[in-house]
Amino acid sequence: MRAHRWFTPWLLVLPALVWLAVFNLWPSLNTVVLSFTNAKPLGGGTFVGTANFERLLTDDQLADALLNSIVYMLVCLPLLTVVPLLLAVLVEKRLPGITFFRTSFYSPVIASAVVVALIWNWLLEDRGAVNGLAQQLGLVSGPVPFLTDRWLLIFSAIGLTVWKGLGYYMVIYLSALGNVSRELHEAAAVDGAGPVRRFLSVTVPGVRNTMLLVSVLITVSALRVFSELYVLTNGTGGPGGRDMSVVMLIQMYSRGFTGHLGYASALSILLFVVTLGPMLLLLRLNRKGADA
Amino acid sequence: MSRGFNAISRREKVLRYALLVFVLLITVGPFLWQLSTSLKGPGEDIYTATPRFLPEQPTLGNYAEVARAIPVWDYIGNSLVVAFLTITGNAIGATLAGFALARLRFRGGKLVLGLILGTLVLPGEVTIVSQYVTVRELGLADTLVGVALPGAIGMLNILLMRAAFQAIPRELDEAAYIDGANAWQRFLHIGLPSVRGMLSVVVIFAFIGAWDDFLWPLIVLTDPENYTLTVGLQYLNSSFTSNPRVVAAGTMIAFIPIVVVFATLQRFFFRGVEEGAIKG
Amino acid sequence: MRTLLARSAVLAATAAVLAGCGLGGGGTSGGEVKATGEVKGEVSLQTWALKPKFTDYVQGVIDAFQQKYPGTTVKWLDQPGDGYADKVLSQAASGELPDVVNLPPDMALPLAKQQMLLDIAANDDKLRTDYVKGGVSAYEFAGRPGAYAYPWYLNTDVNYWNADLLTQHGLDPKKLPTSVDDLIAQARVMKERSGGQMYLMSRKPELGDLANAGVKLLSDDGKKFTFNTPEAAAVLDKYRAAFAEGLMPRDVLTDKYLGNSELFKKQQVAWTTGGGNTINSIKVDNPTLATKIVPSAAFGTPPLYVQGLSVSQKSKNLPTALALARFVTSPENQAAFAKLVPGIFPSTTASASDPAFSQSDGTNAGDAKVLAFQALAKAELLQPPVVSEAMGDYIKQQISLAINGEISSKEALDRAVAKCDELLKS
């Protein structure tokens, strides 16, 4: 279908393209240039060839950081793709007081990092609420080191990410649910399909496009996790810094007046390459699904 | 729309409310803590081994203190200007681009889409200073326009709008096409009414993004008179001593507009294809 | 739209120069800049998080300056506490540093190396006589002659103890620990008496603790780190053994600088360190805790914390900027400021004999102030400003591995030194 002059679409995307170029592509290009220098925030940058990339190979903290980011993605992706959709279905129905519930579910998205850290520390620290309850119930003998064990810390942070993401992705799904045909739902109900069947055979196909977009967003943001790990470890990156994500590593090197921008840029480019893989895979899966 | 389908049984109602309350308990903690801290009197401890949510000496004095310490109305005004610019930019720019990418086939369209998707993945951690140099070169340092500019068309919002336009059934479009509607008419009469839900989501995201941002406005703005609310509220964290109760009151004040915007717009989430195009 | 595009093309070029090639040569001499001429005209003054609490004070100082030097106007910018480093960085990178700017030594160092700050010592003969030595030397940097700020206010650390928790768990607030060994011994008592429910210690050692034990951190030319000595390893081993014994909560592994004061406020540990005004700020946070606190002198050499006022070398009005920086840090103005904030102290030699600082009003906060004031006499800058954030983070992480018993103390220090040397060179 082509009922428009050739330049119409370009006219429509032009503003977006300008922003894309000036505020997204251009700074990124800058990052690429920086990665071949030993630049500091206040200059002093000279060309150093591939030295920064060679340093990636000898960085004793990078392997852990990559592993953490990937585990993070693998766990977050299924959870955050599905649970917010269920939540959206739950708050979709107009019941008395539903505005209040919807707004409250969204509130973690906008809560300040400081307060979130405070609350989660109260829950998870050695003498926190969860450990207190578990010990009272006799489930464990000593406190579970949610915030000081290398792997438990990662999973605690994932819990925080999922908790924060619920409301955010719920909102995106809600707007997609408006496009799921009511007739299809009713027809399925008449055919005797229960809620679970209707969810799987009507709702899920109806929001398929949105689901794909959401899963791409989750993949990218999970691989780029920073603030959750940062607040739960007080910025230390866990015992020995082994709970750092790649972005935490980037921040560690780029922060401050003497930040090592060259190396931080090389790390950024590595992360870019790592993120491309799962994203292309997701897009391919989608194409296959659409053909079938 | 049949009545029978919309009505729900008593059992389902109970179940739904039980689930709603369960999720509420999980999500509402930080908000409650903030609220209770902002209402606590000067004689109460803030940091305790277990959180205390009920203020023992409730007072509204902390809110008055915020208003006394900083020109909170001026800051709110500045934040509203930035939010307005950001919302307008995204509502127009992201909608137009999203429509073109979803409903119009054109050479290079795939490439544009690929670049936009790519920006989600692109490294953005070390770019804030170069971003600032750009804005300064445009002559917009220390202005609210300069604060709003980089976020005025968010790449993510374009993708969201594209997904919404894609959800419109092809048949609708084709019917209009056969009727002789051009691209612009199809955008106005079929596209727009069908994506009001996602548009309201984009408006919320744009509003919150503009309202909550701290580091970027701090860097762009120099004159304290131009400060946005998040930057201005930082004055409550003054050197040597800061009162966590007053800080919490300030945070609550920043919270309220977001809640209002969200609660107002969430009604439009469902304005999808059926209520839009078919009726209209 | 076209002009926007054209402008961004120009931008592309300028930013590449800025980001890729740097702003100027580093470190080498750029010729001494002299601030001579008449004191008049407009200058800007940037402070850090003093509004709105100290608006009246700062405005008063500014008014007095304008009165003393007719024809001058001061534009005061106060920046919020959060994000100050980022703000100053973007100002410096775009050549917009205010004429007079409040900088701690670690921010002043890279700016001085880029020749963005005026050498105060070369412009004011009295700098070294009118201000205390520790304050001035905080702004003298290895490999770069001169001093790059007027020291402003000073602070140091004092030990704070929760007397209630001490007595509850078999310790005597009158016999407070006076050394790390003492501390460990008392921590053991507390652990046994409380059945492992209460802790005395709550922080892991940091660079300052190593310096305190007499370890030399940095070579004299400032080019190599030297803290991987057996003495340093012995300090870590002490803490490592204490941790293994269960004398500290596991949280110390992930604590940053403020971590132990957080636990102290929640009354989950009985000891913390903090500046001379700590009790006053706890009074606001947790009023019922404040009265239970007993202060005592820090172990060994106390750390020195300095704030200073630097002058931008690019200032269009150097004489006035210099005069303003000098005026704000004058003995009278500093003394008045320190009286507003009990617990911080003037950096001028004239204030050393001011009885206001050496006499307590009998409260625990007053005692802490006096302890801090006495400590200042021997306080030193323990962590060299050349330690960047990345270095600091890496050092803490390695120490935490050692404390947790995963690698030996010596190995942790060796790794930290190797990484820091590498970062220092690059």
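All chains are identified by letter, namely A, B and C, in their written order; residue positions are counted from 1 within each chain.
By definition in this document, a contact is a pair of C-beta atoms (placed from the backbone, for glycine too) under 8 Å apart; a residue touches a chain by one contact, two chains touch by 3 or more.
Owing to the predicted nature of the structure, the values given are computational and were not obtained by experimental measurement.
S.K.: Would you identify the chain whose Cα-based centre sits farthest away from the centre of chain B?
M.R.: Result for max centroid distance from chain B is chain C.
S.K.: More C-beta contacts across A-B or across A-C?
M.R.: Most contacts of the two pairs: A-B.
S.K.: Approximately how many whole Å separate the CA-defined centres of chain A and chain C?
M.R.: 35
S.K.: On a C-alpha centroid basis, what's the spacing between chain A and chain B, in Å?
M.R.: 17
S.K.: Multi-chain contacts in chain B: which residues touch at least two other chains?
M.R.: 49, 129-130, 134
S.K.: Can you list every residue of chain A that touches 2 or more other chains, as numbers and ranges?
M.R.: 22, 26, 30, 34, 41, 127, 259, 261, in rising order.
S.K.: Which residues of chain C are in contact with two or more other chains?
M.R.: 4, 8, 11, 15, 18-19, 89, 93, 268
S.K.: Per the contact definition, I'd like the list of chain C residues that touch chain A in the complex.
M.R.: 1, 4-5, 8, 11-12, 15-16, 18-24, 26, 85, 88-89, 92-93, 106-107, 109-111, 113-114, 116, 249-251, 253-256, 258-259, 268, 388-390, 393-394, 396-398, 400-401, 404, 406, 415, 423, 426
S.K.: Please output the residues of chain B touching chain A within their complex, sorted ascending.
M.R.: 1-2, 5, 8, 13, 16-17, 19-20, 23-24, 26-31, 33-34, 49-51, 92-94, 96-97, 99-101, 104-109, 112, 115-117, 119-127, 129-131, 134, 149-150, 152-153, 155-156, 158-160, 163-164, 166-168, 173-174, 177, 181-184, 186, 194, 197-198, 200-201, 204, 208, 212, 251, 255, 258-259, 262-263, 266-267, 269-275
S.K.: Would you pull the chain A residues touching chain C in the complex into a rising list?
M.R.: Residues in contact with chain C: 14, 18, 21-22, 26, 30, 33-34, 37-46, 51, 60-61, 125-127, 145, 147-148, 153, 233-241, 252-253, 255-263.
S.K.: Touching residues of chain C toward chain B in the complex: what are they?
M.R.: Residues in contact with chain B: 4, 7-8, 10-11, 14-15, 18-19, 48-54, 77-83, 86-87, 89-90, 93-94, 96, 262, 265-268, 277, 280-281, 284-289, 341, 343-344.
S.K.: Which residues, counting only chain B, touch chain C once they are in their complex?
M.R.: 42-49, 69-70, 128-130, 132-134, 136-138, 141, 214-215, 218-219, 222-224, 231-232, 234-235, 237-244
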